[in-house]
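One chain, subunit A, appears in both complexes that follow, with subunit B as partner in the first and subunit C in the second.
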Partner chain A sequence: MFAITVRDDGEIVLSGRFDASQIETADAIFERVSDTTRVNFQDLDYISSAGLGILLKTQKRLSASGHFLILMNMKKMVRDVFRIARFDMVFRIEEDQ
Partner chain B sequence: MSKRTLNIESRTERLIAVREFISVAAREFGFTDEEVSKIALAVDEACTNIIKHAYKYDPNYSISVTISTHNGAFEIAIRDTGRDFRPEAIPTPDMKEYLEHYRHGGLGVYLMRSLMDKVEYNIRPGKMNEVRLTKFLPR
Partner chain C sequence: MQQSFRRDIRSLDEIFEFLDRQITSRSADEAPAYVLRLAVEELFTNMVKYNRGGDPEIGIGVEINGRAFTVTLTDCGGEPFDMTRAKEVDTLRPLEERPIGGLGIHLVRQMVDELRYSYSGRCGTITVVKYRELPHVRDHRQG
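What follows is the complex of A and B.
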């Protein structure tokens, strides 16, 4: 099960498991992002390279206009995947917000 | 030595069943929850690559996932009959360069190689492609 919602303040909330079966669902939300945006990972249990790819693609597009994603509240497993893929080099990751 | 196999259709919706199959066996074999998650992710990446590149998202094919365990080794053989695959054509990306230039593609292979102790390929052109992932129990 995967869910992606956008709060009134623009924060994107991810939950469940973000694998290759969820690319279209997630892309439909992320492609509408045009400003610096917070992404809350609090309830996300799993992410594969498919999910990482969407985040990287969004970050690339935003960076052209000086904006970026702020990734928050990752569980350890998800944080480990970011570290192993070295994605923590290009994303601002905040803990326990 | 013990063996068990799961066959799935070539659909990304089936990745969750693969991860569950791997997780149950890896936990039984003695890996920690953290190691179990990493092995399941590596196998997810291998299957995703097959669905995407070997079968081009055609769901009318199947993928076979076989787990063999022996002497502290947990080995997963993932087989398909899709397009010929040349592993040497997929270099391990330099992640610093990859991220600085926001590249795409090759990330799944990078994760597989980072998460597992061994990644081997057995390619029989026109017949079968096999990727074998191995993780050893810590001594």
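What follows is the complex of A and C.
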């Protein structure tokens, strides 16, 4: 089960399992992002390359206008996936916010 | 234990349920289950995307012994397609030059302990092995 919600302050909250079958659902939210935005991973249990692809695409688009995503509160295994993909060099990742 | 799944991205829910029944219930450690889910998702979605002429279903098998978890994905009816030898992505490139694709097989290569491909009788089989962490090794590491 995957869920993506946008809070009143613009923060995007991810939860559950972000796999390849959820690309369209997630993309519909991320393609509307046009400013620096916080993405809360606190309740996200799983991400694969499909989810990384959506985040990378969004980050590339935002960087053209000087904006970026701030990724927060990743669980250990999700953090490991970012590290192995070397996405920790591409994204601003914050812990325990 | 072997089961067949429709060649469709929407099969992923069913595949995760199958893996969870086989693996999560037999491993207290979260890491191998995560790694095997990810490996199966990446390999299965590649089969769906790039081997469209194959049979309508793809077989997934799980074998567990005291040493390792072994998962096989069997894709029949298509030409040989060894994605385990796909070109490595350059993960050191700056943001603007990072490709969107190719990351999946990179993650699989880095996270599993063995990855093999074989082709026989018009069936391609990818075997993924993740070693079990033995309790005394974990205790030692935790120090």
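Heads up, the rule we're going with is that the second predicted complex is superposed on the first by the 97 of 97 C-alpha atoms of A that agree within 3 Å, B and C clash if a C-alpha of one lies under 4 Å from a C-alpha of the other, contacts with A are read in each partner's own complex, and residues count from 1 in each chain.
In the analysis below, contacts are C-beta pairs under 8 Å (C-beta built on N, C-alpha and C of every residue); 3 or more make two chains touch, one makes a residue touch a chain.
Predicted model only: the values in this text are computed from it and were never measured.
Student: Now for A:16: first (subunit B), second (subunit C), both, or neither, which partner does it touch?
Tutor: Once the two structures are laid over each other on A, A:16 reaches no partner at all.
Student: Who does A:81 touch here: subunit B (first), subunit C (second), both, or neither?
Tutor: A:81 sits against subunit B and subunit C alike.
Student: Which subunit A residues come up in both lists, the one for subunit B and the one for subunit C?
Tutor: 17, 19-21, 46, 48-50, 52-53, 56-57, 59-60, 63, 77, 81, 84-86, 89-90
Student: Quick check on the complex: what are the subunit C residues that touch subunit A?
Tutor: Interface residues on the subunit C side: 9-10, 12-13, 16, 30-31, 34, 37-38, 41-42, 45, 91-92, 95-96, 98, 100-101, 103-104, 106-107, 110-111.
Student: Using the touch definition up top, name the residues of subunit A that touch subunit C in the complex.
Tutor: Residues of subunit A touching subunit C: 17, 19-21, 46, 48-50, 52-53, 56-57, 59-60, 63, 77, 81, 84-86, 89-90.
Student: Considering the complex alone, what residue numbers of subunit B touch subunit A?
Tutor: Listed in rising order, the residues of subunit B that touch subunit A are 11-13, 15-16, 19, 34, 37-38, 41, 44-45, 48, 51-52, 95-96, 99-100, 102, 104, 107-108, 110-111, 114-115.
Student: For the complex, which residues does subunit A have touching subunit B?
Tutor: 17, 19-21, 23, 46, 48-50, 52-53, 56-57, 59-60, 63, 76-77, 80-81, 84-87, 89-90
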